[in-house]
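Below you'll find a set of structures to go through.
Below are two complexes that have subunit A in common, paired first with subunit B and then with subunit C.
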Partner chain A sequence: MTANQVKPIAAIVGAGRTKFGELWYDDPERLLFDAGLSCMESVDKGIHRNQLEACFFGSFLYQATNKMGLVPGHMSKELGLNVPITMTEAACASGGSAIYSACLALRSGQYDTVLVGGFEKMTDRSNKISDDLMFAADPSEFGAGFTFPGLYATMMSRYIYDYSEGKQECEDALAMVSSKNHHHAIKNDFAQFRREFTPEAVKKSSLVAYPIRLLHCSPVSDGAAALILTVPEKASMYTDTPIYIISSQLATHDVSIYTRESITSIKTTKLASTAAFKETGLSYKDIQIAEVHDCFTIEEAMFLEDSGYYKKGEAWKGIYESYEANKGLKHVPYVNGQNELIVNPGGGLKADGHPVGATGVRQVYEAWAQLRGQAGGQQVEEKLDTALCHNIGGTGAICTVHILRR
Partner chain B sequence: MTANQVKPIAAIVGAGRTKFGELWYDDPERLLFDAGLSCMESVDKGIHRNQLEACFFGSFLYQATNKMGLVPGHMSKELGLNVPITMTEAACASGGSAIYSACLALRSGQYDTVLVGGFEKMTDRSNKISDDLMFAADPSEFGAGFTFPGLYATMMSRYIYDYSEGKQECEDALAMVSSKNHHHAIKNDFAQFRREFTPEAVKKSSLVAYPIRLLHCSPVSDGAAALILTVPEKASMYTDTPIYIISSQLATHDVSIYTRESITSIKTTKLASTAAFKETGLSYKDIQIAEVHDCFTIEEAMFLEDSGYYKKGEAWKGIYESYEANKGLKHVPYVNGQNELIVNPGGGLKADGHPVGATGVRQVYEAWAQLRGQAGGQQVEEKLDTALCHNIGGTGAICTVHILRR
Partner chain C sequence: MSEPIARRQSLTDYRISASKCSVCGSVYFPPKSFCNNEGRASKMIKHDYLYEKGDFYSGSVIVASTNKFKYLSPYLSCIVEFKDGFRIPGRITDHTPSETADIGKYINRPIIPRFRRLYADGEDGLVYYSSMNFSFADEYYPYQEYTVLPPSKEIEKPGIVGYGAYIPKYRIKNEGDGAAGVKERTLPYADEDTTTFSVEAGKRALIHAALDSSYIKKVHVGTESPTYAVKPIMATVTQVLELGEKFEDGFFSGGVDTQFACKAATDMFIDACALVNYPQFGGEYAMIIGSDNSQAAPGDALDYTVGAGATAYIFGRRDVIATLDYYVSYTSDTPDFYRREHEKYPRHGGRFTGEPAYFKHVKTCMKACLEKSGFTPKDIQYVICHSPNAQFPTRAATEIGFNKDQIEPGLVGQKIGNLYSGSCPTSLAAVLDVAFPGDKILMTSYGSGAGSDSYIFTVTPKIEEKRNRIIPMREQIENPYREYVDYAFYRKMKESA
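On to the complex of A and B.
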């Protein structure tokens, strides 16, 4: 089966975003408003806000950080709409969770056209936020002194030990993930960081939680992203080049890592990607670009294994060899035999930025732009048909996977 | 059309709850766990947790109050399930919003059997909570010094002035709402308050924000409630007496009150109840019991007008006359010509308690128990067929309406 034969769930007929970074002069409603406006302006044949029949928003720390609740009421006022609006919280997967909820709503037949938005406004509380982010971890892990870099450092240490016996090349490979994603962001006008970093520079950056250094970590960011989804039959009202969502999957697992069978793979990535491949009849071989949740570089490596792209314990070798062979290219693909996969063509969470509730929506924005050939300077040169978006919350307690096709 | 001819959206095959009150020794996961367990035990033919295909939770201040986020991850661990779990926040309508999301999911055809849960753990932060509750209001209203009692007091003052020219009987009527709801809770084993209060006692209680006194206000509470919903075709696997949800509606409006055309009615109640009556072909005359969001007594009066039961500005007369004529009865109905409507037969938010994220789910629990004739001491004596549940967030920025039938 090819992607074109799969019955689509939804058509993306518009997408928009703000820049990501330190946006101190914008409040969360403003960020969502700006993303929503650029989203509506992107609709080829135009749309009026009164055509939006329901809205699905996602954010994580808006209460603790922005002293804001009841987003449906705030956004009803901003939009001047009285339609159903729901607000989903799933830590860093809040954006993917909002898209998942919107897809369920379209599948229900109750609505034809809906708005999805994700946002986060973090930088003006960046000294407090490392504690608050631990709301998304087990309280006993917080009590034991863990931070999120600490939790992912535990996974990364174990990965290096289990699968490379501590080889230098494995640490190099995990630094290369960061170098590649920064390289991909150079021409992304929206990205928070647009600088090259060599793997050596990543390995010499400030130590955060061994073996995680500063340049392994996605940043604290502000930003928002928005999508307009319709039922496939209505897509032609809005555009002649819709991008279809052909799978929408969500899986959950323990919020803690100490209770898991393995801490070197993410069970929810396996469950959600397996379900997405089953839903579409596709496999990892059919995916040309993937927006992967690289909150820390080890997470991108685990995705490559959990999705089946590389065998368990071998992603670091694939990353190392692919980077060494292709580092001169505009986009550095992960090569595996006959297959090539470009991951995070716009820079991913690492370089584009990670306003946590916006990230899952930004990923679909980026894939939409790439599949339409409108990704600007960071446009992938090969002809693209199929993309996958992978959004994680916490240390993998929740994962959404969406597969898109042209 | 009668309720029996409407195609149901979902069947409620189980429902459970905790006591509401000051539950200092239970954390939020424990409350949800206890409500979920009593819910599963209520399923007549039994159910195993592995039969739950997705979960929909709702809560408001769990981050600020309980330092807890990513509820899907916490609950995946508690339940031992890896299924899709989403978390909805809509202030005091978080519970209704979770039920609405679950109904969309069942309508989508993706799941047959799902769990819905609402919870809130407020009392151990009760000194801080009046500020945090204002997350669900406009920041300019918070900045101007408003609290939630203050906002509702503004509505109540205006209502008394506009529709009774300040008559004593209007103030009496709004006190009678509280007396009636406390009276209804006397035999409710789960209720936070089980004491009689005369209208005179209500009017002499401590002044909070004129004309609102302590006994006009719903309390700060801890508690949780849970439901198991299935697609109607599967109901008989679990019970021979399912209760059906025949309408599920959600509407939104401005988070602020200063921008609204009227502050003596709630637009979202009108929109959601009108849509629910349209969806079912029913009218207010067909409803026998209503679970109404009496966060303050004025809200119950506004519901009676916004749903069409009394004409605009006349609910207070109906309340006064009905109470005077029926105050000796076990349940005091609102009488309007040929119609009788029992509101909040278990005590409502006022007396049963108001753990905000649990309330919308608790309302459906109560209606389910009443329609099955299993509401214990507070069982309504007349044969019941049709119930309505009305859940409000903020000052009416969001409203859900669910109609249930036997």
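On to the complex of A and C.
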């Protein structure tokens, strides 16, 4: 089966976002409003607020960072709407979970047109953000002194121990992920960082939680992103070039890494991507671009294995060889035999920024823009049909996978 | 955190309490009432990992820590794997890793749970503890199994049934000949305090006595550096070591923290022996712990003699290793050393702490005890006096007629410093380590304010049977993994604890 033959679940008829970064002058509800407005304005044939039947929003830390609750009330006030608004909290997968909920609502036939949004305001309490992010971990992990980078560093340490075969190239590859994503963001007008970093610079950056250094980590960011989804049958009311969501999957697992059978792979990525491929009849060979949750570079490497693109323990070899062979290209693909997969064409979480609740929605925004050929400077030059978006919460306790096609 | 959360966490974190499915063997932490694999039909068995040994599975050097743990960074956080495959998160303590330490070299190293402080909620909030902190088994702190043996049927004269001393890994040296004979001293790691010392010493005493912890019905912790002004350390010791018969999440046992400067613990030795003889007590064993992170103002003369650590004793009437034969206590209102409420450091009267305070009380008490017993110094094999330094005890004992051979074995203060309430109990531990059946030990404590207790113990043959379960003071003092630090590090650790 090809992607074109798969029956769509929903159509994306509009998408918008704010710039990601340190947005000192914006309140969180303002960010979401701005993303929503740019999303409305992106609808080719126009849309009016009153055509929105429901809203699905995702965010993680707003209660701690902004002493704010009841987002539906805030957004009702901002939008001037009295429609059902629901709020999803799933840490860094809050955005992906909001999209999943919206897809469920459209699948059910309850609504025809809905607004999806994700937002986060992390810099308003930056001195406490390391502590606050641990809300998405097990309390015993906090008690053991862990930070989020520390948890991923623990996975990375074990990955290196189990699979590097003692070769330095493994650690080099995990630095190359960062270099590649920074390179992809150079022409992304919305990105938080538009600077090149060599793998050597990544490996010399300041220490956070060894073996993780600053440039292995996605940043602390503010930002929001929004989408308008309709049932496929209504898409033509709004645009002639809708992007279809053909799979929407979500899987969950233990919040704690210490209880998991393996800490060198993410079970939820395996479950959600397997379910998405099953739902569509596609395989990774059909995907040209992937928006991958590279909160830390090890997570992108684990995705490449958990999704089946590379064999277990071999992603680092694929990353290393692909980077060495293709560095300098506008987009550096991961090569596997005859297959080429471009991951994070706009810079991913690493360079575009990671306002956690916005990320899952921003990923779909990026895939939407790429598939429509409207991604601006970071547009992938090859013809694109199919994209995959992979959004992780916590250390992998939740994962959403969405497959999109033209 | 909050008070109720702290209580709930203590029930799981103090002993690493998990539940194990009797069908498939899966282990859950925190404990669950049913197994995810077997469903609600599964029978879950409670299992604690406090006395077990695990392996370092993977980890990271935390450089940029959460705010709560900044006082310790950089440190190693890790996943610990026990032999049945059960894993928990943990922090490595007593260890300052290189910021770029090769984690692969830590993987599979055996590690032992340690009861340590996590963090405190500011200056006036709760202090949180857990046993999910670990030190390397091939390093300073050796692994000991806790095997419970049935007590002998024979009832004897009351005395010491078991003991356990704990001194921290870190040391600071005094220059030249030392300060009043104190050449080097122990200091706590930043996550140690009087509460953690007490638990460590109590744990070692239980291991030494091979006694079921539920038999201990009373525990007193003598200290002058309590973690809280109001909240007993003995309650934490009871909860961690499960002293007394368990009922719901508490224990049928009692006790208090006692305060009388450096004799807060020794004063209770006679009470413990009296108690185990008293039929209405309802139990046969009592534990007394002398524990201090001895405090001194920076730059004060005492700042060069204070140490840190604890020693615990279990008193009872079965399997006694040293009987308590004679006792005298002597008290007067002598204001030589004191600390007012809310003050951080004690004050003292300088030379007034000597003749009219220490020497008057120690010597009077020693003499009276010898008279009461009818012994002369020649009948006694070992003599111990409270060691605010190394000179005072030597002089006091010599003036009564004891010689160097009788004094030296108990003179550990010159290597570990003044442990305040832990001083005499730790010296006694050093002597018991080397004493033979039949030996008589005269111990005289001193507490400012002021008073002394003198005791004469007689060592029994049972001491030999238990010797392989002790970590001798000599080994602890000379442990090759001890770490020497400079004055700045010492003050930082002292203030953190």
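Going forward, the second predicted complex is superposed on the first by the 404 of 406 C-alpha atoms of A that agree within 3 Å, B and C clash if a C-alpha of one lies under 4 Å from a C-alpha of the other, contacts with A are read in each partner's own complex, and residues count from 1 in each chain.
Throughout what follows, a contact is a pair of C-beta atoms (placed from the backbone, for glycine too) under 8 Å apart; a residue touches a chain by one contact, two chains touch by 3 or more.
Note that the structure is predicted; figures quoted are calculated from it, not measured.
Participant: Using the touch definition from the top, say if A:105 reaches subunit B (first), subunit C (second), both or neither.
Facilitator: A:105: touches subunit B, not subunit C.
Participant: Should A:127 be classified as contacting the first partner (subunit B), the second (subunit C), both, or neither?
Facilitator: second
Participant: Applying the document's definition of touch, where does A:147 land relative to subunit B and subunit C: first, second, both, or neither?
Facilitator: second
Participant: With the two complexes superposed on chain A, say which partner A:274 touches: subunit B (first), subunit C (second), both, or neither.
Facilitator: neither
Participant: Examine A:160 and indicate which partner it touches, taking first as subunit B and second as subunit C; both and neither are also allowed.
Facilitator: The second partner, subunit C, only.
Participant: On the A-aligned overlay, A:251 touches which partner chain: subunit B = first, subunit C = second, or both, or neither?
Facilitator: A:251 contacts subunit B only, not subunit C.
Participant: Examine A:209 and indicate which partner it touches, taking first as subunit B and second as subunit C; both and neither are also allowed.
Facilitator: In the superposed model, A:209 contacts subunit C only, not subunit B.
Participant: Which partner, subunit B or subunit C, is in contact with more residues of subunit A?
Facilitator: So, of the two partners, B touches more residues of subunit A.
Participant: For A:74, is the partner it touches subunit B (first), subunit C (second), both, or none of the two (neither)?
Facilitator: After superposition on chain A, A:74 lies in contact with subunit B alone.
Participant: Contact-wise, after the overlay, does A:259 reach subunit B, subunit C, both or neither (first, second, both, neither)?
Facilitator: Both subunit B and subunit C are touched by A:259.
Participant: Could you pull out which residues of subunit A sit against subunit B in one structure and against subunit C in the other?
Facilitator: On subunit A, the residues that contact subunit B in one structure and subunit C in the other are 138-139, 256, 259.
Participant: Okay, in this complex, where on subunit C does subunit A touch?
Facilitator: Within the complex, subunit C contacts subunit A at residues 9, 13, 28-30, 57-69, 72, 75, 77-80, 87-91, 99-101, 103-104, 107, 118, 128, 130, 132-133.
Participant: Quick one: which bits of subunit A touch subunit C in the complex? Just the residue numbers, please.
Facilitator: My answer: residues 127-128, 130-131, 134, 138-147, 149-151, 153-158, 160-161, 207-212, 256-259, 263.
Participant: If you look only at subunit B, which of its residues touch subunit A in the complex?
Facilitator: 60-61, 63-64, 67-77, 81-91, 97, 100-101, 104-105, 107-110, 132, 135-139, 249-256, 259, 267-268, 271, 393-394, 397-398
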